Structure formats: structure tokens, C-alpha cells
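You will see two complexes here that share chain A, one where it goes with chain B and one where it goes with chain C.
On to the complex of A and B.
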């Protein structure tokens, strides 16, 4: 059962169009059967085993002293505490408690940290501790490198470490056509035309090999992914490598590019007419298809899936989980801003000291 | 139409199938193997004639005791009635993070000594090829004639 997230469906934009008069029930984690916790012993069995076996006083595990010395954690208690504080887990649970008391999170957090949403997967395959650790690692990485807000349809310039390149850095500019997965393993794919040849490169957002991610143009499209650009004229994905970044304001809504792309004549790499893409010129697309295919496409787009409540119900993150994830991220985001302010103060102090010593103004 | 012969349904690039769609979800048929047609991206005379005539080279044999070829593999191709060696410098099949994926399967023709026939490669070449890791072939000269690394 492969893990799926909000972006792994080819295009879910039409699936989530609201149907007037239909109420999708709120999905709560308790609606599914309770998650199976590993190493959990049902109370009845524990009681039975306790009754059967002789009473053993609770205490340290019965192991020779030598083994305990070897397997003891090497971190000092202070270091462990710091790790737990940053990870949000551990006996303290201070951040979890803070997250529970946190009020509604500002909308910019949901734009900046789209990958913080837990994956849309059966409860059996979800582990809140793993998700919490992912979020902590994501924020730790964000202290080192600035990861801008971007969506499918935005233009990015990514520099990665490359030992074979002359400057040890390999820079690629492209249009983001796909964003996949969640948490620490979030990936995005850039597409561009280089020397009359179209290239697509997938990057892991939190990979330590990435030196910088620069946003050149913030934009959204009508679809979750732009895979159909593989069968579109190359002019749609030609971006100059020396493109100047366009300024944008965080407070404005993300501009939507409502362009409808005309595909090349078939054969295509995929049956683009069967996935509900809004960004393709459908009239032009249907002109290439036989009547039977057009009927199939129209029937598919009439979208019985809009009325499939179970499908919509299963393909959403439970609202309390999503809320908790964003609240957890928001607290860490504020810590990140403080950290960045401190860094700026330190660097400005440094430059003051240097200018004093060297006598420059 | 070619589309009728190769039913390629939509899947994300890694080939993981969307389980709940009612359309057929066979993965993309993008392996390079025998009978695969490739695109010559160097400026050799033989390659240019073959591509202009609409007779692209076909893979006859994949070197290295395997059936599928990828970027960085040497192949034997049949081109305009001749047998030639070639080196794959770009593939449609995605290779994973930080490795580029191209819209066509790109080939550079080699002579029997493993030296490139042309003196320039017109398509971008993946940067990871600079590690020069093919046990069957030392393609340093091929990297020297590449114009752009990606």
C-alpha cells in the first residue's frame, strides 16, 4: 500500500471542487479504527501474565553491568534534553502543550510550510513521533538555508554542490512542474529547455547538498502538476538562466496564471484528457481525439468523483492532525525568526567591530 | 498511430501507480533496451544523415551483462545499415534526485576504439557522468567535447 500525499494524484483540482448541497463529513482520526501501537500490550493480557508469573519488582532491566555500560546513551543528560526540546517529543512535551494551546495559525504558515502536512495514508502507516521529528529536522535545516515559498508554476534557481563542476556548484533554473511527498523527503521538479533539449531535474527540498534555492517568480497554476508540458511546445518551459528575480510581497495572495496550454499533436506520453487538467486548452485537445475518446473524457470530467464522499473523505488529512502540524510548525517558525534576528545582530556587531578596527566607516 | 501501440497511462515520474483510478495505469515504457530508437546528439556525419533520413539508430546490444541501458552505458546500435558503438548521455527514464531527466534518449556515436565520431555534443550532458565510472569505456574525450553540463 504505497504512501500517498496530497500531490501524488495526477490532478486533484477537479476532485475538490465543492458540490453545492453536499456535505463532506469532517474526518476525525477516531473515525478509523485505533492505530496499532507497536509494543503495546492490552491490559487484559498484561494482567493475565502478571497473575501467572511471579511478582517481579519494577526497576532497572536485569542485565550485567557491562552491557548496561555499552548500551547507555553517549549523550549527556543536558544534550538529550536539548534534543527532546528541539524535536518536540520526550517527557517534557512542552512544545506539544504549547501547540495544543496555540490559537489559529496565520495563513502564511500554510503557504510557507505546505510539506508540513502529514501524508494522506492509512492510520496504520502514520507515526506522530516520526512526523514530529521530520518537522524538527525541517526547521533545523531552514536555519542553515533560506527555503522560499513556491508553488507549482513558480520559477526557481537551485544551486547544488557538485564536486565535478569548476566552481563546485551546479546551478539550474527551471519551472516547478511537480511537488511531491511530505516532511523531510519533499521533492520538487524543475523543467527547462537547455540547448534545444528539455531537461527535468528532481530536487529534495531539504537535501544538505543544496547550496541555495532562489525564487525568481512566484506564481501558481490551475493544476497540481504540469506534467503535460512534456507534450506542449517548448516555449512554455523556456526560462533564461540569467533571469532577474521578480519582487513579490508576502501579504499579497499568490498570483494565479490562468494560461491554458495547447498541446502538440499526439502521440502523447499520457492520456492527458483523462485527468481533469484545467491548464490545458480542452477544445484544442479534444480536436485531436476520436469521438469515443472525447465522450470518455467528458464522462470522466463529469466527475462522479465529486460525489464520491468516501474518496474525498479518505483523501484528506484529518483536520486535527493538520491543525496540530501547523501549530507545531508555527511555534518553531517563531523560534526560527528569533534565531535569524540574533544572527543578523551578531553579523552587524561583527561588521561594526571590523569597521572600527580597520578605521573604515 | 503510435499511441495505439504503446499504451502509456499517467503516473508520477517514479512509476508509482495511483491505485484508485479507474483508468489503466501501466507504467511508462521508458527503458532503453534492444530495438529502442535513440537520438544522436553529436555532430558526426553518420548521425546527422541518419536523423535527417528519419532512420534513428536502434539499440542492438547493451554492454555490461545487462538488458537495460541507462545514462552512462555503452550500447551497440544499428545505424544506416552499419553497426556502431554508442554512449548514452541522457535518458527519459528518471534517475532520482539531482540527476537530470531528458525528453529524449540521447546517444553519442563512438568508433571501435571508443572515441567519439563527432567533435561536439549538441545536447546538455549530465554532470554526474564526469565521474567517468563505466568499467567498459574510458569516455574522457567524450566529456571534453561536451558543450554544456547540467
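On to the complex of A and C.
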């Protein structure tokens, strides 16, 4: 394997990561030991054994001094803390506490740069240099265009270059129903009604033909994607093209829209009852299904995946990798803010010079 | 099999969208795609020396690695540039049209990065890293007949094919290149002996390139990132992704059988293997291991060069999974060769004296490529 040598200046070796976010509590050496059962020895038997075998005076231990260190290794508290930090569990098995302890990066970075996380694929297909290149190019693109924070359920207005349009710019307003892939491959899909026709457009977030991305409403839904809106009444995704942007504050948590959508009667494009959607009115949905399908849907919703360790391991980003990615992005985010300040100063200086030359104030 | 089939080169598709007609008609033999020299065992089992303490074992390993680094550094372009006693390569050969063929580079495929052209079109680039590599040996064309691995005639007999022209015409010689120097304790003494004559530490990968004598390099010469320039078209040769044991429908795009309508146990099978009581001919397409074969992606331009991480950004997709070796060389396509006559590359390879004043910037882009920190400006 070419990536395992210290002498070559190429990607470092991959080390086995501990399983993050285990729900099952870990058996630690100090606790969970079965109590030692001690029996009261009858006095007659104790006296007989003492008489049979002469009492041996307690002397020095027969085993060598270092045997406990070799055969009963104990982890130092620092090593245990590091293990808990990496695995995302703490002494009281609470993941949230450990995550806060890890977070040297402000939470707004994780909201703004969701696509900075490395992709969830086999380790053979991941490379740290390529991922760092993706992050660097993402931040370079953000010097040209402002990409706001948005989630699935938010309403966006996207302007792209179009040589056939009258103003050479094509503007589309829509509800974000899907956001997928990572890094420079990130895409998002907007859905809207245009002349009573449903239109869905998928944009590449870092394509240079995008002139501007304007956030009209910041909102989150209960699901990762809203593909079920294809089988829902059109009122749910009708957004006026002249919608006024609603103000939002970055410090506030993202508002969650907990509405439950009533789908149209079947046939549907997909078996929506088998994907664990929370944003669908489930009672109304099950009324369309046979008893067998309802049983299947309820079986799915029992959340066996919580106990599927391999599923958890394969479908989440390791905590150290996510940490590293966000820290890298945070440093570049601060450089981006400095660059934006410099640009503002330059533009204000330009406007001053122009006003002096033209005599305007 | 009345006539000998031609040994034409076609790209074997790895997905079902390609037509069946573009499959190769070559017959396998066990040592066909083995990396040469396959007659020398490369890796040595790690010796557990019970007399050494762990600290001393680690110290000795660091000492070995430092010696490897020193041996590699002494022959690097930086050392050559810094030494006051350096001799410039005497009479660097000129690029001769229709004659010159330069050595190539060994690369490690890392992944894929999307980029955009200045007209708004998207292009996927393969990121290939150029590790430390040195020239090992030069085998002149007249000695090709004596070269051990080229004297094996069985594959040509089995395939009923002619010898390749580079072997019969003897216009090109073999250039051996070693890449990725490593700890000598990992390798056998026989493997280390291959590098001893060139005064180099043992390396993990040996590749060979077909090179014309005027572009030959002497053992120990350094091959670097700037051997290729932005805009050069290259061929990338690598082993394809190993897809494991596959059936005929996946491997040879056969039809299989009907899924329904009374079909009894005939859904994904081959069917007949021969006809009329005759024999099954050698080369019959059957299930087997798919992939893990050497294939070439031809005429791919280099769109960007990154000097910090030693990366080449090559347009399109190359064979092989990430972190696999690949060979990169000047393209053999005739239109690329003719274009090189007008704009010859550094011959026989890049040396420090070819560097522009002020050195190279961290990123060198192709003029058609749009860097991410520039806005797109479409013509009206």
C-alpha cells in the first residue's frame, strides 16, 4: 500500500477509529464488577482448619512487583478521557456533553458549512488531501458569492447566467426539498409551481454560473428531504416569485416547521410509508393502506436501527474527521471575514474618491 | 481460428453502457498482469528480534529511515541546484519529431475534483500525486531480446498474435523507474539489490517505460512534478478496479435468460459453450474475476499543477481505485505527438535550470480553466 510510508510525502495512514456514538453503555474496568459474595465461615470449621495447617506468617508477596502492571493493565485517566472524547460517550454515557466539550468551533460554522463534512463512504475511497482541496476551493468560491445558510424546507431565490434570457440572468424561487452530496459536488433542489406546472430544478451549489443565492425564509422541516411533496397537494409548494425575504438572526436556532402534510390518494411515486418520514400525516396516510402495509410501516418505525451497530458505524462520519474538517473550515472562515472587511474598506474608499472627483457628497 | 487476430488496443468498459463489440480479444495466462519483476520476492516477513528492546528497535528504524531520506535527498533536484560543484547535464538532447519518446512518471491516484471552464462547462479532474521517484536502469533497444521478462513467447503463441512492434523494431529501450522509497527492513535482500547498482534505497514500486535512446536517463536521475506542463496531453495506464468474481452477464454483457414465462433455472447463465460436439475453444467467455487488468486512458490533458502537494489535475477519469499506482506518460496519439513538435517538452526531463524566474506559484492553471476565486464572465 503506497500510503503507509514515513519517508514519502503523501497521505498519512488510516487508523482504526473507535465506534462513535454507541448507545450501548461501555463496560469500564472500574464499575460493573459483580460483587464478591462472602460467606460466614462456621467457627468449628475455622478452628479445625487452623489446627490442621499451622498459621503461616504473612510474608512478602510471592508475585513480582510489576506483574499487576503487565497482567492487569489500567488506563490512565487521561487515556480514558481521550477515548471518551473520540467515541462520543462520557462517564455518564451522554453524547451531548462530550460533543460540547469537543466543540471548540462555534455552532454557526456547523450550520453554515454543512457540506464541509467528508463523505460517508468506505475508507478506501477517502483521501485527506482531496478533502482539504475541496474545502479550500469551497472557501475560494465563497469570496465571489455569498452562500447563505439554508436547510431543507427553506425558501430560496437563485439567479443563474442564461445567455438566452433577456437580462442574461434567470431567476427561480422555490422550496428546497433536497440537499445532497458533499464538498464541491453539493447540489440542492428547488420546487415551485410555474403556470400550474410543478417544476423542480437541481443546482450545483459551487457552480460559477450561479450569480446569486438569496435566502427568503430560513426554516427547517422534520425530514431530511421533502420528496413526498411530489404526491402532495400543490398548495404546499406554491411560492410567489415576488416573495419578500423574511429577516432572521444567526444566533437564534433555526425555526422548525412541524406541519404534517396530507398526501394525495394513491398511486404514489414511492412507498412513502416505508421511509420513516415524520412530516407526513401518518393517520391519514395509513387510511389509504391495507392492514399488511400498515403493519410493515409500523414495523419499520420501531427503530431497530438504533441497535444496528454496523449501520451506525457505516452511516456516520467519524467524530475526529468531522472535528478536523470544521476546524479547518473555521480558520478559513475567519480569513474570509477579513477578506470581506478589506473589500468593504476598498469599496468605501473608492466611493469617497468618486464623490470628491464628481463633487457630490 | 484460421487467421491471427490483430492486437489492437480498445478500452474495456467497466459498466454495461458500452457496446459488446469493444471488448478485447486477448487470452489470459497466469503471469500476464503480474507486476514485474515477478521472479523476485519483494516483501520480507518482519523479523521479531527478541534481543532488542522496543526503544532500540524504534531507534534503529528511525536511523534506517534517516539514511533513506539522506540517500534520496542527495540525488534530488534541490541538492543539484544548491551544490556549487554541480555539472549541468552535458548537451541536453533536442526534441526530434517522430523519434523522441520521453520517460513517464509514476503517480498515485487520490480522487476526483470538479472544476469549470471559462465557458461555464463542467469538467471532472482526477487528482494524481507524484511521489518521490528516481531512475533505476536503462536497457538499450539492442538488449531487449536478452531481457528476461520479454523472452516469454507463450502469450503470443496462445493468442496466435505477432510480437509487438516495439520489441521487433527496437527503436525504443526500457527505462526502469523506482518510486516511493521505504524502510529496507520491509524488503528482501534480492529486491534491495536491484537498487544497489544505482546507489538508491529500496522502493515500493518499479515501473518501466518505453523510451527512445535520445531521451534516456542515467541511474539516479530525479523525475519531478514539472516533467509535465499544464496543457500537455498524457496517457494514464493503471490496473482497473477489481470487481471480484462475476458472472457472464456482468463480465461479458451476455443476455442471460427470461425472468419468467416458465424459465427453469435459466436466468443468468451462459447457455451453450460450444456446438456440434466440438471442443470449447481457448478464450471462451465464462465467469471469472472481472477487473484488475492494466488499461490505458488516452490523451488526457493536464489542466492544473499544484506544487505544494505535488499534484497533477488530469481531465477525465483514470482506471483504478483511489490510492492505486498509475503510469503517466506523453500521449501516443498522433495528433498529440505532432503538437509536441511545435511546443517541445523539457528533454530528457525537467531540471532545475528550466524553472522560470521566481519559481512556480502554488497553483498553475490551464488558461481555459476558471479558478474558483474568479467570477464567471460569459461573452455576450
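Side notes on the structure shown:
Heads up, the rule we're going with is that the second predicted complex is superposed on the first by the 259 of 361 C-alpha atoms of A that agree within 3 Å, B and C clash if a C-alpha of one lies under 4 Å from a C-alpha of the other, contacts with A are read in each partner's own complex, and residues count from 1 in each chain.
Rule of thumb we're sticking to: a contact is a pair of C-beta atoms (placed from the backbone, for glycine too) under 8 Å apart; a residue touches a chain by one contact, two chains touch by 3 or more.
Since the structure is predicted, the reported quantities are computational estimates derived from the model, not experimental observations.
By the touch criterion defined above, A:121 lies against neither chain B nor chain C after alignment on the C-alpha atoms of chain A. In the superposition on chain A, A:322 contacts neither chain B nor chain C.
Of the two partner chains placed by superposition, A:289 touches none, neither chain B nor chain C. Legend: residue contacts after superposition of the two complexes on their common chain; A:200 is shown touching chain B, with no touch to chain C. When both complexes are overlaid on chain A, the residue A:209 reaches chain B and chain C alike. In the superposed pair of complexes, A:172 makes contact with chain B only, with no contact to chain C. Looking at the shared chain after the overlay, A:184 reaches chain C, while chain B stays out of its contact range.
Of the residues of chain A, those at positions 1-2, 8-10, 204, 207, 209 touch chain B in one of the two structures and chain C in the other. Touching chain A in their complex are the following residues of chain C: 65, 68-69, 72, 108, 110-114, 116, 120, 122, 127, 129, 131-132, 180-183, 204-205, 306, 309-311, 321-323, 325, 370-376, 378, 380. Listing the residues of chain B that touch chain A in their complex gives 1-3, 6, 8-13, 16-21, 23, 28, 41, 90, 94, 96-104, 106, 122-124, 127-128, 130-131, 147-150.
In the complex of the two chains, the chain A residues touching chain B come out as 1-2, 4, 8-10, 160, 162, 164-165, 170, 172, 178, 180, 187, 189, 194-204, 207, 209, 227, 230, 266-272, 274-275, 311. Interface of chain A with chain C (complex): residues 1-3, 5-11, 124-127, 129-130, 133-134, 137-138, 140-141, 143-145, 161, 163, 168, 184-185, 204, 206-209.
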